[in-house]
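Residue numbering begins at 1 within each chain, and the chains themselves are lettered A, B, C and D in the order written.
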Amino acid sequence: MTKADEKFMQVNMGPQHPSTHGVLRLLVTTDGEVLSGVKPYIGYLHRALEKIAERVTYPQFTPFTDRLDYLASMNCNLAYAMTVEKLLNIEVPRRAQILRVIMAELNRISSHLIAFGSFSSDMGAFTPFLFGIREREFINDLFEIACGARLTYNYIRIGGVSKDIPGGFIEKTREFLDYFPAKIKEYNELLSYNAIFIKRLANIAVISPDDAFDYGITGPNLRASGIKWDLRREEPYLIYNELDFDVPVGKGEMGKTGDAWDRYMMRIYEMEQSAKIVRQCLDLLAPGDYTAKVSKVLKPPAGEVYVRAENPRGELGFYLISDGSTKPYRLKIRAPSFANLSIIPKLARGVMIADLIAIIGSMDIILPEIDR
Amino acid sequence: MTELINRILTGMSTTMPLTRLLITILIMVVSTAIVLAVSLLYEGFATYAERKVAGDIQARIGPNRVGPYGLLQFVADGVKLLLKEDIIPFYADRWLFIIAPYIVFTVSFAAFVPLSYSDHVSIANLNVGVLYMIAISSVVSMAILMGAWGSNNKWSLFGGMRAVAQIVSYEIPIVLSLLAAIIIPASLNLRDIIAYQSGGLGIFRWLVFNNPFTLIAFFVYFIAAIAEVNRTPFDIPEAESEIVAGYHTEYTGMRFAFFFMAEYGDMFVVSAIAATLFLGGWQIPFIGGIPMPVWLREVLQIGVFFTKVFLLIYVMMWIRWTLPRLRVDQLMELCWKYLTPIALFNLIGASVWVLLLHDKGVYDIIARVFTR
Amino acid sequence: MSVNSYTVQAVFFYIFAALIVGSALLVVLLRNIVRSAFALFFTLFGVAGIYILLGADFVGVTQVLIYIGGVLILIVFGVMLTHNVYSVDIFNKLGTLVMGTVSAIVTFTMIYYAIKQVPWLYIGYKANAPTTGPIGRELMTSYLLPFELASVLLVLAMIGAAYLIRSEVKVKKAAGNGGPSGERPADGIRKED
Amino acid sequence: MAGYFKKMYHSISTVLTGLGVTIKYGINPKTEVTQQYPEVKREPPDGFRGKLFVDINICTGCTACARICPVDAITLKTVRDENKKLRPVLFDIDNARCIYCGLCVEACPVDNCLYFEKKYEFSAYSKQDLISHFGLGEVKPAESKTEDKKTEAEKEGKEAAQ
């Protein structure tokens, strides 16, 4: 131990810590309350998903994508399904596409609700968390009607969706969409525009656009830095190019553009936009096939493909290499949270312990996706 | 108390000094035990109330399984804590670790002593009651530091440091705002202060309505008092999302329960001070002037006192389940840049008021104008 | 109040006296400086108890407020905030022992003579007599200067604490004992990378 | 100085707004959304993915489910009976391993053979208890000859219909 080291204290934050969002371990070097360095250690949740992909057939891997970002299983299913479809050149029926958008956007809302809630409880306000959970339950009920599961849906499959939505789903979804905006208003009153909350987050951990590009940050975190980049707009997949929605970007309402408050607020804005998208999709929904004709044994031609989709936490990419057999030769998952996590050591220099929590919460990382 | 002992002793035939001494001590012990039992009961119900209030606010039900309406939940919790393994960390400073929770609890209980619950019910009538309460609450910081340092845990040490910094800082606005009220009855004796607030239909001579400065002082005191008892939004010493559990990270079982009960005890004490100094203590509003039997008056007075205290405690709980937490430096900023200057100017204003108008409050002036 | 109150007072006096003497001894004899500081807590508390037994409730409460809530916190903070707190160990060297004894004797003699010289006014037992008002009046009139001087006390406490801990570090370095005291690990966690 | 008071006003007003939101819930007991679970049981919707159930009598022993299962939760062993039909003597589903993805149900070629029940409470004291055994055990060729034939005929009819 050198003399310079003696000044600092090393603390392990995690793997078991209330606000590391899973089993993330941060080795924190502090000088009193002020951090001088943070080193994330990951891998506590490693399940070798990429290796598993090489051992199971293409359809068999879909349930595993549920477990990537378990708060946005639909989106993960979707990205994987699109990857394999691109490899196989499958044209997805229109009804299936609309259903996929509905599910993906509903899941975006539910994922952002958790992000909002867990962030608020990180900030010390526990009530918004339960409010968020309450609305999420509604969405879970919708998913349960649609696919029978509440967390790991395995609904969006290669070629379409696993089954058509039953009667009553549309009405219930409309009910939710009517009820939801009032709740967002409530969140804003309760938390978003609260002076304490703003004071905790404004000007904290500002990510400049350059940094965001350098670290490969995507999703709401990138848009919070003022960059209008949304794959649903830039590389429209499914029927996103027919839909009317805004891409909210950070404007630095409470401080500098790209601070923690902007990142938090992106999620609130995106929930509003997602609700708008779902409403449009419900209107567009016309009878049709819910899945393309897909043979039971998938044997894609040899080749490689990379498909990315806009997940609640950023760009989820699947890089798939096929050798012509029934199993992938190699599957590489580009997890958005992994890139988002990588900037934390840079942001967390010279801030206080409480700010570190705000940074982790505002980046909205999820560990299963990082460790894979 | 002393009168009671004297009355009992004069009624006795024995003159043996030793017997008299033993009886005196016995009476002291028994009366203390009664208050202790009552305070423990209160603390139990306070934990129940906290959870019930949290449940109400969060659109939940709260405890409702043990006993009718879950009223016996605290008994179950107590039994659970008693049965838990009592862990003393290997590297802990055994002695400090063991005695700290008892000191914290003793100190919080000691603050119940000078409280005046009704015209005749109080354990000790101290001439320096208010000062005693302030002094005893400053001891808590010492005991917390003891436990925090004794745990030999870095999170505990963080919590302990934060607790001490917070308690020591917030004592200043507390004392300054209390002074603004005390200079009007010109006494540190809680009974004198309550007696001063009699009349005026039982509410209009409350010190909080005495003049504009005492009104401000009440709010400053209440905010600072929430900080003094470490509750959200000022719960940084035990901020669970930042420093695990702060100074009681390493405590389990009954030792933890002592810290926990002390927190609720402190809540009662600060609310009782607010009720006594600003809200007329046990003065019965509106019907205080009507003649009634002594026992009924006593019961009503106790009821009124507890109602006021519990209302203030409810407000504390309500605030806790609404607001996010402040950061350490913001907490200090609030204290030194807002509360302390306001309390100081307020004290000057109150002094000028007293200098010019003696102890005449707004009500007295209005009353005089009307009677003229 | 009759004989009885004196007996009760006597009992409590001895309890407090034992507490003061015992914990004061601990302050001196304990090897761990933080523990010493915490032992001081009980000493100061006992002194406050004696004050209250003497009917000087204001002084007693002020003792708690100033010494425990202020001075002691400052001392403990001063000790703990110094970064080597985990490896500090007191060496009861002969030099400090001699100096300590001498200064203790001098102080004691001074106090003894002061007690002897003061014409104590015996006023008998007065229960619950308010002392705050007269004390305040006296402090603001006759004894203003001593009162202001007393406020230097807090600064002195802080300086004393800082000095104490600095000298400890020096002692440790001079003894060439660089390692931790053995009771606590210098750093609770494994060092990474 | 104006900023100082403006900040103060902003803080107080937003805090009061937040308190207004919570007190609405605090004093109104009708806002509770909790369901008291053991007393109030939610009826799962159709298509709920609960515990797996096998109608073993109509199982053809095709092992499609065991092959599609991504986590190998289904152990299936078949023997040929006297009619040269495959019969599942061993059909174990390890509910602890099962991830309730529904792939096996979709893979099953027989209607109402392998399906999800609306059952979601099946806790057990040991992991072994979580394995549901559906296998026929010993296939007794002589005993259920006619019955088997009947069901198989039905099955064949259904398959043909498909």
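Note that in this section a contact is a pair of C-beta atoms (placed from the backbone, for glycine too) under 8 Å apart; a residue touches a chain by one contact, two chains touch by 3 or more.
Nothing here was measured: the structure is a model prediction, and the numbers come from that model.
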Central subunit by CA centre of mass proxy: B
Comparison of A-D and B-C (more C-beta pairs in contact): B-C
Averaged-CA centre spacing for the pair subunit C and subunit B, given as whole angstrom: 27
Centre distance in Å when subunit A and subunit D are each reduced to the mean of their C-alpha atoms: 26
Separation of subunit A from subunit B, taking each centre as the mean of its C-alpha atoms, in whole Å: 46
Interchain centroid distance [CA atoms averaged], subunit B/subunit D, Å: 53
Junction residues of subunit A, two or more chains touched: 11, 127, 134, 190-191, 194, 196
Residues within subunit D bordering two or more other chains: 15, 18, 21-22, 33
Partner subunit A, residues of subunit B touching it in the complex: 54, 57-60, 154-155, 158, 161-162, 232-233, 235-236, 239-244, 321-330
Residues of subunit A touching subunit D in the complex: 56, 59-64, 66, 127, 134, 137, 144-145, 147-149, 152, 154, 162-163, 166, 186, 189-191, 193-196, 296
Residue numbers on subunit A that touch subunit B, as the complex places them: 9, 11, 17-19, 32-33, 120-127, 130-131, 134, 190-191, 194, 196-197, 199-200, 352-355, 357
Residues of subunit B that touch subunit D when the two form their complex: 53, 55-61, 64, 318-319, 321-323, 338
In the complex with subunit A, residue positions of subunit D that touch it: 7, 10-11, 14-15, 17-18, 20-22, 33, 44-49, 68, 70-71, 99-103, 106-107, 116
